[in-house]
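This is the structure, below, for whatever I ask next.
Note that the chains are named A, B and C in the order they appear, and that numbering of residues resets to 1 at the start of each chain.
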Amino acid sequence: MAVIFWLDLFGTAVFAASGALAAGRKDLDLFGVLVLAVVTAIGGGTLRDLTLGLTPVFWIERPVYLWVASAAGLLTVVLTRTALLPARLLPLADALGLATFCVIGAEQARAAGTGPGIAALMGVMTGVAGGLIRDVLTGEVPRVLRRELYATAALAGSLTTVALLELQAPPSLAVWCGLLVALALRLAAIRWRLSLPIFTHRP
Amino acid sequence: MAVIFWLDLFGTAVFAASGALAAGRKDLDLFGVLVLAVVTAIGGGTLRDLTLGLTPVFWIERPVYLWVASAAGLLTVVLTRTALLPARLLPLADALGLATFCVIGAEQARAAGTGPGIAALMGVMTGVAGGLIRDVLTGEVPRVLRRELYATAALAGSLTTVALLELQAPPSLAVWCGLLVALALRLAAIRWRLSLPIFTHRP
Amino acid sequence: MAVIFWLDLFGTAVFAASGALAAGRKDLDLFGVLVLAVVTAIGGGTLRDLTLGLTPVFWIERPVYLWVASAAGLLTVVLTRTALLPARLLPLADALGLATFCVIGAEQARAAGTGPGIAALMGVMTGVAGGLIRDVLTGEVPRVLRRELYATAALAGSLTTVALLELQAPPSLAVWCGLLVALALRLAAIRWRLSLPIFTHRP
């Protein structure tokens, strides 16, 4: 599944870019940009590894994730300066990153021996926790908790992967199907502004 | 100690409800409600397990906690819609949840071999960390850090449990006494608005 | 390296004081002051131990860190009341704490078997994560992400220590040189208001 590895690095880069852009809205210094880029990119996988007990966590074992996230964060700063960053591409890239992260998270949890329900949850957590930490660090109520079908797309992808693994499908097939489901749902949500009902309650 | 297990699930449900209500004040979508409910309910125990090195964490080993928290979060949304939720019951239920979580946390830390001081601290952390994460995610300065005798009640309960365990009391007795102490102190604090002094300092 | 141990406790006390002062700006109660003091003091080392898989984390193994942090937090409250706290000393003490934490973090990661790049990163994380959590809990965008050469000083110190360890220098020499580099850079940054460029981007 070498393609999945490259997609994983691609997702890491995309999430790092979203972290760097969030830093730009809060006037952080260059080091703050780096921190926010890296934390957004590796936060979800770190939480997954910590709760599963898979330590040292993945980016200690394979530091390439850190270097990719750092490089992508700095590159984002440069590109916004030279106005070469096509703003409309970012949500599409982010959707691909989300889809990749959620199925990888689900597959790794399953491989670590968790039950299917927990594996699906781990997929969602891997996909959304980085963005959640990014928003907390920049003082925002996390957007993933109130945006059009974001975590829901991750859940759909995770569940697809987990269900196919349960049915003894080959891992690569399970991962690709889950990835496509999450990607399709997220892109549809962006295109047609699909969203879950909002819960408002002020006693 | 089957009763303690049921109380633990009850505390999980109550904390999930408080998370869902906090989500309702920030207009999160239904998935955001679920996340906030679950994180509030399991955050304290997760931090306890991670720092003690008890991984995979408890809700991976026993997913029933996740399902109870999710169900309680969704039920809270339904009940606020149908106006059946008696607002005055929630603080009482929350006090029972806090009391249960803190003594369970202390007892489990002791069973994991920590010293009595650390065990008492683990009890407090198990009781208050979920609410603390809930408030950070919704952009509030954590209420547990400035409310009437909240964490202090957890500390009193934890210390009682730990002291009795030190005196070779049977675990169930230690847990019940600690639970009653925490509950009584928290209810007294609600009734008579007892609180610690506030520290204000602006140089 | 007994001196390093005492410096580590000193850094713990200083970071706890900065946590207590942050609590004073948000009108927390005395327990909230304690929590913020302790979390600021041990947050970085806790994150380091969790990601490295060194559990139970250091303050469970050696609770003296908790007692020092608690005592320093309470002492800070008393000193601000009696006007004995020289405001200009705190940044200097904080610089010493930062320098100590970052080289200890780097050295411990290296001892745990990580590569040099990860060890340098662990040093930075140990130095800055506590302050970062402090700011998140009090609802601020973390100052370490936008202040004059703060994390950068930690990085310089960590890299120095790691480089000397790579060159087979004795650990105590590596730690002391890294400490002096971080301290000098941080003090210079305070004195001459050195800072990294700010990244501002609002599409």
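The criterion applied here is as follows: a residue touches a chain if its C-beta (ideal position, glycine included) is under 8 Å from a C-beta of that chain, and two chains touch if they have at least 3 such contacts.
Keep in mind that this is a model prediction, so the values were computed, not measured.
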Same-residue or different-residue interface between chain A and chain C, half as cut-off: different
C-alpha-based rotation, chain A on chain B, 0 to 180 degrees, nearest 5: 120
Distance from the mean Cα position of chain C to that of chain A, given in whole angstrom: 29
Residue list for chain A, restricted to those that touch at least two other chains: 50, 55, 136, 139
Chain C-touching residues of chain A, taken from the complex the two chains share: 20-21, 23-33, 35-36, 46, 50, 55-57, 59-60, 63, 66, 77, 80, 87, 136-139
Partner chain C, residues of chain B touching it in the complex: 50-53, 55, 112, 114-115, 117-118, 121, 132, 136, 139-142, 144-147, 151-152, 155, 195-203
